[in-house]
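Dropping a structure here in structure tokens format, bear with me for questions.
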Amino acid sequence: MHDHPRDACGVVGLYNVPQAAPLAALGLHALQHRGQEAAGIAVCNEGKLLCHKGMGLVSTVFAGGVADLPGSSAVGHVRYSTAGGSCPANAQPILARYSGGEVALAHNGNLAAARRLSYALAATGALFQTTTDSELFLHRLAQEHAHTDEEIAVMLAHMGPAFSVVMLFAGRLIAARDPYGFRPLVMGRLGDGYVVASETCAFDQMGAAFTREVLPGEMVVIDDRGERSFTFDTAPHARCLLELIYFARPDSLVFGETPHILRRRSGALLAKEHPADADIVVAIPDSGASAASGYAEAMGLPLDRGLIRNHYVGRSFIAPGQEARTAAVRMKHNVVREVVRGKRVVLVDDSLIRGTTTATLGKDLRAAGAREVHLRVACPPTRHPCIYGVDFPRREELLAHRFSLEEIRARLNMDSLGYLSMQGLLASMENNGGCCTACWTGEYPVPEG
Amino acid sequence: MHDHPRDACGVVGLYNVPQAAPLAALGLHALQHRGQEAAGIAVCNEGKLLCHKGMGLVSTVFAGGVADLPGSSAVGHVRYSTAGGSCPANAQPILARYSGGEVALAHNGNLAAARRLSYALAATGALFQTTTDSELFLHRLAQEHAHTDEEIAVMLAHMGPAFSVVMLFAGRLIAARDPYGFRPLVMGRLGDGYVVASETCAFDQMGAAFTREVLPGEMVVIDDRGERSFTFDTAPHARCLLELIYFARPDSLVFGETPHILRRRSGALLAKEHPADADIVVAIPDSGASAASGYAEAMGLPLDRGLIRNHYVGRSFIAPGQEARTAAVRMKHNVVREVVRGKRVVLVDDSLIRGTTTATLGKDLRAAGAREVHLRVACPPTRHPCIYGVDFPRREELLAHRFSLEEIRARLNMDSLGYLSMQGLLASMENNGGCCTACWTGEYPVPEG
Amino acid sequence: MHDHPRDACGVVGLYNVPQAAPLAALGLHALQHRGQEAAGIAVCNEGKLLCHKGMGLVSTVFAGGVADLPGSSAVGHVRYSTAGGSCPANAQPILARYSGGEVALAHNGNLAAARRLSYALAATGALFQTTTDSELFLHRLAQEHAHTDEEIAVMLAHMGPAFSVVMLFAGRLIAARDPYGFRPLVMGRLGDGYVVASETCAFDQMGAAFTREVLPGEMVVIDDRGERSFTFDTAPHARCLLELIYFARPDSLVFGETPHILRRRSGALLAKEHPADADIVVAIPDSGASAASGYAEAMGLPLDRGLIRNHYVGRSFIAPGQEARTAAVRMKHNVVREVVRGKRVVLVDDSLIRGTTTATLGKDLRAAGAREVHLRVACPPTRHPCIYGVDFPRREELLAHRFSLEEIRARLNMDSLGYLSMQGLLASMENNGGCCTACWTGEYPVPEG
Amino acid sequence: MHDHPRDACGVVGLYNVPQAAPLAALGLHALQHRGQEAAGIAVCNEGKLLCHKGMGLVSTVFAGGVADLPGSSAVGHVRYSTAGGSCPANAQPILARYSGGEVALAHNGNLAAARRLSYALAATGALFQTTTDSELFLHRLAQEHAHTDEEIAVMLAHMGPAFSVVMLFAGRLIAARDPYGFRPLVMGRLGDGYVVASETCAFDQMGAAFTREVLPGEMVVIDDRGERSFTFDTAPHARCLLELIYFARPDSLVFGETPHILRRRSGALLAKEHPADADIVVAIPDSGASAASGYAEAMGLPLDRGLIRNHYVGRSFIAPGQEARTAAVRMKHNVVREVVRGKRVVLVDDSLIRGTTTATLGKDLRAAGAREVHLRVACPPTRHPCIYGVDFPRREELLAHRFSLEEIRARLNMDSLGYLSMQGLLASMENNGGCCTACWTGEYPVPEG
């Protein structure tokens, strides 16, 4: 899925932590891979909420520091546009006031029932000022005059999936995860205070200690009296496997799994399912790195750096002319000729969505002298869009929706093509109960609307 | 050397290439790893030179495009501050006029004789408007009224090392390399036109074909009549090994070597010289990746991703408080606990300069459960500063200058420490004649001043 | 009132005008004197509303042009922070959705009943996302499901003063003025289309022709069928005299009066009430210019430019040191020594609020050699804050609230001091029925809350 | 000359003044009317020169303050592009090093002999890095190794007019004015320190006291021993009358004259030479304000504000369409209908260069109901370009060069037209000896080249 923005959204929350804002910024920085479009932090200072947000990376939005955000509690967000267009008004946290006072909210996920909730709220006189479904939480708060913990829990029980959400009130931090558990959310401690985040890598960055996951259907309330837990609903679990396969940083702990370990295992199983008669294994960096190492080890083949990634983001200086345009696709990856020349190469990636870049890399590898190129994908063919918050292309753009496997192989000009089976993918997990596989199987745990 | 800005400078030149500026920008983007402080491009349009330069990445400086830079010849530069402070006036190319007309210059390297040249020029009435030694070339041009190819060649013969320089005149592009050949410079063809660049990865990006190196002591002149070569001086070659070990992109062709291949080989030789009784090999990403794979293969040990690098640049949101500060050092790398827990780890990097980050990573690895940590460095102990253009810390900051190997091991809290020998490093090369080893041996091929 | 930001807010609306956005920007530019803090424009394009707004002058916010705002209808706003803090979220127009579709609103004025309205709305479940009272209009729209013209008129009837408001819906532009008529609002035609604005100077800038005022208590609806009018409420008129005295541009037509003419007349009456035995009349530029010319003419005294205003805005380069600080107050005005030396000077201004700058100018005039300085103010002593949208200092900062006239004269070190009487001010008008004089008399036409 | 950028350049210098940079910024702010294109300040701190400059207003360039410019001596510049294109490299002060050390230079004026000086310098091996003639001073310093006061005075004697120049060395400030005295330069004291500036309004802003003019042909040197004066050359004086007529601020003291007083007098003489049978006098604001008041007083006619100027700078939001374009010319001035309706108007301006705006204003006045419009210009017909530093249009664009007076009257659609005679203009001065009248008479005191 290297040809696709690797983004969902990321959230952090802190309570009773001195200098909450700079730590929140550090945490968001560690979650930057989950969203590069916008970033924001809200804090509570002397009973009043303050918010600073904007378009761009965390380091851009907070280039001037966070001195305008004093206080010991905070909520933060990095965003990729899962719902709602790309505009400043849609950046989060969303800061609002209602009968219960001020609240700032950060949301990861997509509400499958957004349209229905939105209609109902409009009928009660709601005034929408963003185009995100995240705003719906706040309108329900206001509409139901949900002030107490219990009232807020009831509100959450009616939102439907998918959400991992953090809300900051004056004197109270609330973190909750929908009962299906689509999106991750973890808890930890930092000194005397509390932290929550989308992934544990945020804790490592902040110097916090992971304690446990926020459970599906659980709402955790943190205030000066400490932490308490509410189960607002239950449902069959449907944890998003894409989180493990490519969203999460390899070093995070997500759904109890370490993505790097799971991906290595998936590579090994892929080797068993689809061995290749080849000389070397090459990962598409950085997305295929873990799976490729598992594949190579299982096959007993050398893993080498046949592709180098340019981590600087290029843009804007591509001219209309032909030569410049062909050059443009090479802005992210480049072939190491000496590694692949004369070799039969197995190219490994974590997923295959549109296939645009893979096609180019295949061509480049052959131009550099590779004798054969075999593509191995560490998940099943992706045929169905996600309605729970993964920013997928439309169904018609999904390569595996449009073409048979043989057609895909031919279009990408590969000597062979192998996808990991659904059961192979599940077997890569430590604990594979309760996962959402909709984008591969089309079996959606909860319908849209 | 991961704890150190990985920068020299990078240059490109194009002649008779339609849309030269966007292609120059693409080439500079591919050379971005050589300098992130400033970037610039000058073009020749209808006999007049135009220049656009500024502080920041290529994508920042040319965020508004290159429409203000029409023409089919160009010279470009990315800069790290090797000499002269960090200020806009010192960005390159430098555009100037003299009796021979307009000229734009881009320079990679450091003139060891800068002080002497500068005094002599001041005595003749030169007026300096930057604090870079690159300006000296232009003053010599002006002072000597060097207009013809031959006169310019004579000028270059008196500059001393180190330089790889590209000069754009109205109707003429000149590329030259000092007779010692400290810094790389390569030539290629793009359609009917000509290109030069610091590394071949710029050609891959532009879609140009590598033809050959500009030779040490050679000045290549390109104009509408084609290309011609002048040998302005000869000297024992002294190619900078750091270019191969860590400046150059792994996929470039530099001094006839592919850095990735050389680094793999150096890792294998390091294994032979300093084997380790361990369970896994972990690279410091991305600097140690190639050497680590060579080490692992030679040792028959698994290579795994025990450290993950955050490619987003964090800054500015670090608060003065203690917790935030400790967090700051973890902004670039994070440990994958599951990989290293209970393991005896060999940590491999390409070099060891100040040791600051390495010390932190060692601590982090142990905190994550590594039983032992053995450090292996794929070059000899770095004890002497560079006077030819590598942005080294002062001598007193060089770890190996201050401490014995045992002291270093103890300070970094490693179970063992091994550096590749000088002869091991040279053995990693295809062709190891004529290299500069001054930063390890203290034997400077040309004195300063 | 030259020592005080001369700002309220300004609004424009356009319907059925090709290239509405650039014309809206021109209109806002002409209204820039009414608010320099923020600016914004919303347009309707293909049934969808789009908004661009930001902090700063019109020329700053739209420095990149208005190409992102296509369409033939628009609403625009320039803002000074009458209510709600200074932050991007409070810029207008406010764009929102409710059961009646999308709407963009621009509001000039302050709702005296804001607190009560806000409490009532919170009780019905409203979610507030700005801290401006302007948002209340939209919540009422949403709460009452006000879709038809008649429903919207009913909504407006319950808001209380003060407002001149323009609302853009898909396919409909609505302009309304509270029944007291505190703030101005004028209508005009531009080609086949319609325009509304706070002052006629916006029409002159856009090339539109003034037709008439929007009447107090009138709501004008413009759509593809043309224009229609609703009277939603009546009340005794209470037009803000400060609009005439110093907000409005001298060349505008406001409440049927030309401010320059009115101010000249007020100056003449001031001369009658408070003649001065002096040599020359000097205006505080530009605020006192019109009144001073009336005063000079009535007195038969020469009017001369004894003070020059620097129209460039200085800021940020004032150092903490004493010398710089004294210099800072001279950044806006400077004395022409040759004009005032040895003269008995009458200094004329339109109003006197805090008196800070007047005190400095008095001192500067004497330092430049003026023998006597007599201050004449073309309105009564300002003793009461405004609750209808004029950004006044707090009561305690009002000079005339704190001190007697003799104390003021002494504090400002004037030889004499004269304020125009209330009846003199009213006599300056063509038609002086139905004016608000609260800031001078304390008689508030409508109570707060 | 209201249709023309009212700009030359402005310079300031400070020596032995604590916090020199913020005061220099204040001084430049007061001189902002002399150049809005670029601004810069250089200081000397601990023997080292530092410079900060950029494009835009003083308040823009120093929006971030001047904390990076410590020290008690400074030189500053505001620039309009008199020579050299509009680009950052041409901003001043120019900072350079030569055999005499570091120097920063700020120059007001245009070197009539620039071309000749430039050729000669190129022949000696000079390297030009800007396209301004100001750089020539520095090259001559370097070429002649001018280190001592006397050597620098000799250098200045060979530059030819026109210049008022300030140079900052480590430990020395030098201010000089060409022997013809084309451009103004004044001296003053601030505490124990010294200041120089283009106009005295900079002193008023800084809180400094004017002492005297730097004399034509005088070089003043200020260092820790105090002030000393050198007369480097003599010539018949040729003070630029445009400085008095429209460059200088009305409140400055320039060439011993107060511009406002001189302009009033010129208006009175204009009334004598060209009376008009009219009802009111209207100034084109702000350029014609002083002359108009003199004209009105002499004629016994009322002076009224028939035109209002919008001081906010509009740009960028003008669309291509016709309606927007017609609107664009009204962005600066607007007619007050009530003042001019039914009146015979005398329109007064300080000069008439291209006539574009005047034509539009004439049309606007008639459209607003003026019965007659009579144009009076307070200087002779401008027929010749300036070669001494006034940014004039090319000869072909000068209205009075192309057309007879009757043709001009007809083209501008005026009922009558009157220019002040040369002798009338000279009679407006206190001391009219030694003035340059080249732009009216074509008699250039010094030839170009």
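Read from first to last, the chains carry the letters A, B, C and D; within each, the first residue is number 1.
FYI, contacts are C-beta pairs under 8 Å (C-beta built on N, C-alpha and C of every residue); 3 or more make two chains touch, one makes a residue touch a chain.
Everything quoted here is computed from the prediction, not taken from an experiment.
Peer 1: In contact with chain B and with chain D at once: which chains are those? Just list them.
Peer 2: Both chain B and chain D are touched by no common chain, going by the contact rule given at the top.
Peer 1: By mean C-alpha coordinates, which chain is most distant from chain B?
Peer 2: C
Peer 1: How many angstrom lie between the CA centroids of chain C and chain D, rounded to a whole number?
Peer 2: Averaging C-alpha atoms per chain gives centres 35 Å apart.
Peer 1: List the centre-to-centre spacing of chain A and chain D in whole Å, with centres computed as mean CA coordinates.
Peer 2: 60
Peer 1: Return the distance between the CA-based centres of chain A and chain C, expressed in whole Å.
Peer 2: One centre to the other, that is 49 Å.
Peer 1: Can you pull out the residues of chain B that are in contact with at least two other chains?
Peer 2: Not one residue of chain B touches more than one other chain, so the list is empty.
Peer 1: Provide the full list of chain pairs in touch.
Peer 2: A-B, A-C, B-D, C-D
Peer 1: Can you list the residues on chain A that touch chain B in the complex?
Peer 2: Answer in residue numbers: 17-19, 21-23, 25-26, 29-30, 32-33, 36, 57-59, 62-66, 190-191, 201, 204-207, 249-251, 253, 258, 260-261, 264, 289-290, 293, 297, 302-305, 308, 310-319, 321, 323-324, 326-328, 330-331, 334-339.
Peer 1: Mind listing the chain D positions that touch chain B in their complex?
Peer 2: It comes out as residues 88-89, 94-99, 122-129, 135, 138-139, 141-145.
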